[in-house]
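Structure provided below as structure tokens; questions to follow.
Chain nomenclature is as follows: A, B, C and D, assigned in order of appearance, with residue numbering initiated at 1 for each chain independently.
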Amino acid sequence: MLEVFIFATLNGLVTGLLLFMLASGLTLIFSMMGVLNFAHASFYMLGAYFAYSISLYFGFWMGLIFAPLIVGVLGAVVERYGLRRVHQSGHVAELVFTFGLAFLIEEAVQFFWGPDTKNYQSPDILDFPLFTLFGQEFSAYRGFMIGISLSIFVALYHVLTKSRIGIIIQAAITHPNTVANLGHNVPLIFMGVFGVGTALAGLAGVIAGPVLTTFPGMSIVLGSIVFVIVVIGGLGSLAGAFIASLLIGLLQSYAIASDVGMPELLNLLGVEFERSHPLNDLWTLTLPQIAPILPFLLLVLVLIFRPTGLLGKREE
Amino acid sequence: MKKIRFPIFINSLLLILIASFGINSSAQEPVRIAFMDPLSGAFAAIGTSGLKQLQFAADYFYNSKGGILDGRMIEIVPLDNKQSPTETQIQFRRAVSEELRIIFQGNSSAVANTLNQTINRYNRRNPGQEVLQINYSAVDPILTEENCSFWHFRFDAHAAMKLNVLTDYIAKQESIKSMYIIGQDYSFGQAVSDISISLLAEKRPDIEIVGNEFHPIGQVKDFTPYVTKIVSSGADAVITGNFGADMVSLAKSIIDSGLDIPIYTFYAAYDGITATLGADGKNKIHLIHNETSNPIPTERRKDYMRAYKAANPNRDVTQPRLVNALQMIVQAMEQTQSTDPYDIALALEDMRFMTLSDEEIWMRGDDHQIFQSLHLSVQTDEEIEFDADNSGFGLFSFFHVPAEETIVETSCQMKRPRR
Amino acid sequence: MSQLKKLSVWIGYLVVMLVLPQFFDSILSISIFNQMAIAIVFALSYNMLLGQGGMLSFGHAVYFGFGGFLAVHTLIMIEFETVYFSILFIPLIGGVFGLLAAIFIGSFSTHKAGTVFAMISLGMGELIAASSLIFVGFFGGEAGISGDRTYGPPFFGIEFLRDVEIYYVAVFWVFIATIFMYLFTQTPAGRMANAVRDNPERAEFIGYSARRVRFISFCAAGLFAGIAGGLFALNYEFITEENLNAATSGRVLLMAYIGGLGYFIGPIVGAVILTLMNSLLSNYSDLWMLYLGIMFLLTVLFLPRGFAGFIMMHQVAWVKGSIKQLALPYLLTGIPAFLLMLSAVALVEMSHVEAGALQFMGFALDPALLTDWMMVGIVGIGSLIAVRKSLPRLRDAWESANTIPNEDGN
Amino acid sequence: MAILTLNNVRKDFGETAIIRGVSLDIEEGEKHAIIGPNGAGKSTLFHLISGLYKVSAGSITFKKSEIQDKAPYEISRLGLARSFQVTNIFQRMNVFENIRCALFWSKGYRYSFWHLLGRQKELNEQAMHVLEQIGLTDKALFPSGELAYAQQRALELGIAIASGAELIMLDEPVAGMSHSEAKAAVRLIRKITEGKTLIMVEHDMNIVFDVADRISVLVYGEVIATDTPEKIRSNSSVQEAYLGEVATSA
């Protein structure tokens, strides 16, 4: 039973950190510009597809470097010519714009790369088991994923809290106008942040592509879990997003790993039920079955009892 | 005081737009057959592949040779239902509106069930304008059991038949002592799990079912947690009915974990899956299906596959059943000299037909279920003449069960329309 | 606006709906009109939340779906005669259960508007959509559940076998629902919903709890969404978890936004446009979703107040009678713009077609031939230049047509 | 008899105490002005009484019931109406609608979704009457967000007085108005609050001395004096607080 727990923790860590890379970009964008970027997962998909195309000619590592840059530039262009124009029509307009953008990116990906699954493989030099525990290999590539995600967190945290540009961004999160009065070109900062945010999502795509299969529906499968993390973590709080990502990654991994469910609970309580009982679906409900919806359950509970999220500062 | 106007401008726009799609007429009336499957959205790859194969088959066998029923061309009309039951309802009304009375459909048992109910209801309410459902790959047994209908024909073996053959093979494998079953949490996934467990208990009671797992369809990002459970359960083999991205991700996670056990599947090939699994999938990925893959038994079929490959370089013949279905329907039309679904249905019942592989298949009249030989293949790159996804890897059939041995009873009490 | 003029609008609305099947009686047109009817009620109910009440919901399909599911279950009960009444009331059943679902969820989600409300609605939407796949008994898994509308007592001999009969039932409910949703905006609760949208804090100081005002609008929207769900169940005699999930919630948001949130008829315009696009465009190209995405982005960028907003912008010109001045400039810019769009679509389709020539508007465009590419390119560039040239003229015409001779000068 | 009693009310944000123990009685029908330098906590006091902020300590009694823990809408229903220093109106609704919304509760409409406003003659007339009082009749259908600043201040005043509450609290009602507009507003305030109790925050001493029966001086969260206008004018501690040192006699 121990090895299931260890591997569940490792899997939870890998998924959680991957979600963090996505959420970190979104937290910045969302808290800075109050924009609920529905297209964030689509930029993640673009990262995977660009990396796939680059890796065909130049190998995985060039993809790792250039794909996020391309996605970041694309994000900056979208902010400059799309979001900035829609900004004055209010938050709903911005949100609906990103909603349409996600829709368009998914169709464009199918148009350029075709509808079938892409054969995007992880690099060969990382294609060996880092260690084998109780018969299951933990590939070096997953170790690499953890390494990259952690370094992103440390780098981002350092930039945001220590460096000058970080302080300006932090200030612009809550008081954009005052920052503008101090002579900083806030629109440029917005564009920069949106570009960096999308680049981070692209990077997550590059990393996750080989493991989570690269296909047009990968952004839908990811779906709105990224918003759950940002909101649970608390608006504008990077540390909050980090904790929430790990929490959700581990929660899902443990839920899937466990075999417990209503049947066990009922046996505990000594309640008998037969198959034809109308509530049969409820009685046979197992934790792995509801694993993917646990984050949403968490979201609704957090929002009811703690609307600002775990470490949220900004109260809407 | 708010002014609301429904200006004439909007009305006229509405009327023009709708009027623009009138019915077109043409000289020699073509025989129009509808092909309803996902042609856009997440499952577009599977649907488009089927459409291309049916269109090619119609041209290759009939249109290039002067058509059928003295000179009438076959026209395949695509209907994009995005593999959604709701969209299926909308596209069905479009088919009826354009007098398409034969509808091919294959992807997702949920859609097949919805279409089956809709067609039964429509035929009941519109005698004389009935519509025929040609199911070329939805394998949920219920369609030829409780929900069997006179207007539904299935040209693929259903899940119970395929699992019967699979469990026959597994029963012979002494090395397999424990089995792990994992599938999508919907009707087909549950059917695969229930039938596998009952058949294995019957044939090999000593095989222990160490896992019976369900996961939501199309929702799982990373299958590693599920694979951890498979590894720790010590299973010797895995059975899964997954398809599309769920199949690829599951197979990749199992292979990445270093687990070297056979994976018995229904849909783990073609449309980019074989290429993505590639060398790692060799001798691990097994598929149960009808129509043998490599080695191809007859030259006729090889010529057809080469012709298709020439016309569609980056596509494969993934649904050979489509050819059988089309040929049997055309034979029914030729016999009855009519394209009325009622006549075609009667002619199809208990029809025996020689396929491209020189194998006789039989469409049972009681439940409109086809019976043909079933095969177990493995993904490999040895002795592969026709590969998948131009990847050098393909399916090699190594276990064969003739049609007669695949026949199973049916609980279908078909209500026959009075004519 | 005089009472008579208002009344004539409503009568015009009813007449248009009644007369449509006479012009287009093919089964497909009726099915499109049915879809439009359902979409109109659903989009209007959504606008009660967003347009009138300022509540951005990502889970409005929950009430549509609940209403629909209970409606289908009622159909099944009528079939087995556990309960027996005419299927005319099925949409009302849907409405009641949509209302009950809204009361339950609204009780905790309407504390705040803004992002918190949006996120709770998203969470609840995903939760209920996912659990609908788990509780197969009630929701019927992803094949959904189906009933039969012909078992109820016939209504003056009508058995509701054909879709067109259901269309008239839909027209009845659409008209009733539209009237009541409009009247709701003319009541204290409706007006306070606008007040709470603009300034929830000040609303509290004139004796109203913002939460309660939002709750009432939320329940009313749930009721009418449930009626739309009931209409769906009646029309398709089937419903599945798809009609409950986030994609459906997203579609209704698109309809209301494209139509125009700020105007009562906005969602109606949006519902009509999107239903037509969904059903007709997909016949002509399998890239139709790409075009839908592009069109949607352009609307958000250039028509922030939606199509109804665009129409209403001509109100001043219409009143002043100077609308005729605009006709010519619109044509001068409109035609080249249309050509530009066509050439862009042709280029996209040519690069997408796999083999052989593309049949496009009567022309055979072969991607292998450079000349065809050149021809489309020239048409595209030509129309682009024409559009740029004619834009200033349109802008001036627009200025002149819309400036009101100001008496008091501000 | 006191209609409103503040008993040792305190309010602090984190460590900084804004209101340091204010006790004050407002007599029924009295015109009471609250003056004091900027940052003295005048607006905070208004927010505490009207329920926007929760008191850190002490109690507030209005017509014999304690209201320090009640929500703003509960307090307003008891007959207390207020205006805001920073204009706080319903921007996208027109002027007439703004006023009419303020009338709903007092006219007993509560959360009705069955009364058609088009038919409520008496309600609409009352609303038009208020519009006439604040001189915005010709702007009735004008979106209130697009009014000139002074007109928005007039609307702010209109919303406060529309409900006919017994206790009316005005937070710098004439700030930003021209001299003539201010004069008209003061005449209106005096007319409307006849027989009613008024609490007003105001900087313009002429208006304060013209309208107020009694004046309280609030400095650094404490009331240093409450008295008739004449006594306050000559009160040394008031002058010291205002002018920094004892001025020679006026």
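Here is the rule we use: a contact is a pair of C-beta atoms (placed from the backbone, for glycine too) under 8 Å apart; a residue touches a chain by one contact, two chains touch by 3 or more.
Just so you know, these numbers come straight off a predicted model, no measurement behind them.
S.K.: Using only Cα atoms to place each chain's centre, name the chain farthest from chain B.
M.R.: D
S.K.: Rounded to a whole Å, what is the gap between the Cα centroids of chain C and chain D?
M.R.: Between these chains, centre-to-centre, one finds 45 Å.
S.K.: Quick one: report the Å distance separating chain B from chain D, using the average Cα coordinate of each chain.
M.R.: Centre separation, chain B to chain D: 75 Å.
S.K.: Could you put a whole-Å number on the gap between the CA centroids of chain A and chain B?
M.R.: One centre to the other, that is 35 Å.
S.K.: Could you state the distance in Å from the CA-based centre of chain A to that of chain D?
M.R.: Between these chains, centre-to-centre, one finds 50 Å.
S.K.: Give me the residues of chain C that touch two or more other chains.
M.R.: Within chain C, the residues that touch at least two other chains are 130, 134, 287, 289.
S.K.: Give me the residue numbers in chain D that touch at least two other chains, ranges are fine.
M.R.: None at all.
S.K.: Which positions in chain B touch two or more other chains at once?
M.R.: Residues 1, 40, 44, 48, 185, 216, 219 of chain B touch two or more partner chains.
S.K.: Which chains are in touch, pair by pair?
M.R.: Applying the touch criterion to every chain pair yields A-B, A-C, B-C, C-D.
S.K.: Give the list of chain B residues in touch with chain C in this complex.
M.R.: Interface residues on the chain B side: 1-7, 9-11, 14-15, 17-21, 23, 39-41, 44, 48, 78, 80, 84-86, 89-90, 93-94, 96-98, 109-110, 113-114, 117-118, 121, 125, 185-187, 216-217, 219, 311-312.
S.K.: In their shared complex, at which residues does chain C touch chain A?
M.R.: Interface residues on the chain C side: 50, 56, 58, 108, 111-112, 114-116, 118-120, 122-124, 126-127, 130-131, 134-137, 246, 250, 253-254, 257, 261, 287, 289-290, 292-294, 296-297, 300-301, 304, 348, 352.
S.K.: Looking at the complex, which residues from chain A come into contact with chain B?
M.R.: That would be residues 3-4, 7-8, 11-12, 14-15, 110, 114-119, 129, 132, 134-137, 139, 211-213, 215-218, 220-222, 252-253, 256-257, 259, 286, 288-289, 292 of chain A.
S.K.: Which residues of chain A touch chain C once you look at their complex with the stated criterion?
M.R.: Its residues touching chain C are 34, 36, 82, 85-86, 89, 92-93, 95-97, 99-101, 103-104, 106-108, 110-111, 223-224, 227-228, 231, 235, 278-282, 285, 289-290, 292-293, 296-297, 299-300, 303-304, 307, 316.
S.K.: Can you tell me which positions in chain B touch chain A when the two form their complex?
M.R.: Interface residues on chain B, with respect to chain A: 40, 42, 44-45, 48, 185, 213-216, 218-222, 224-229, 231-232, 245, 248-249, 252, 256-259, 271-273, 275-276, 278, 389, 391.
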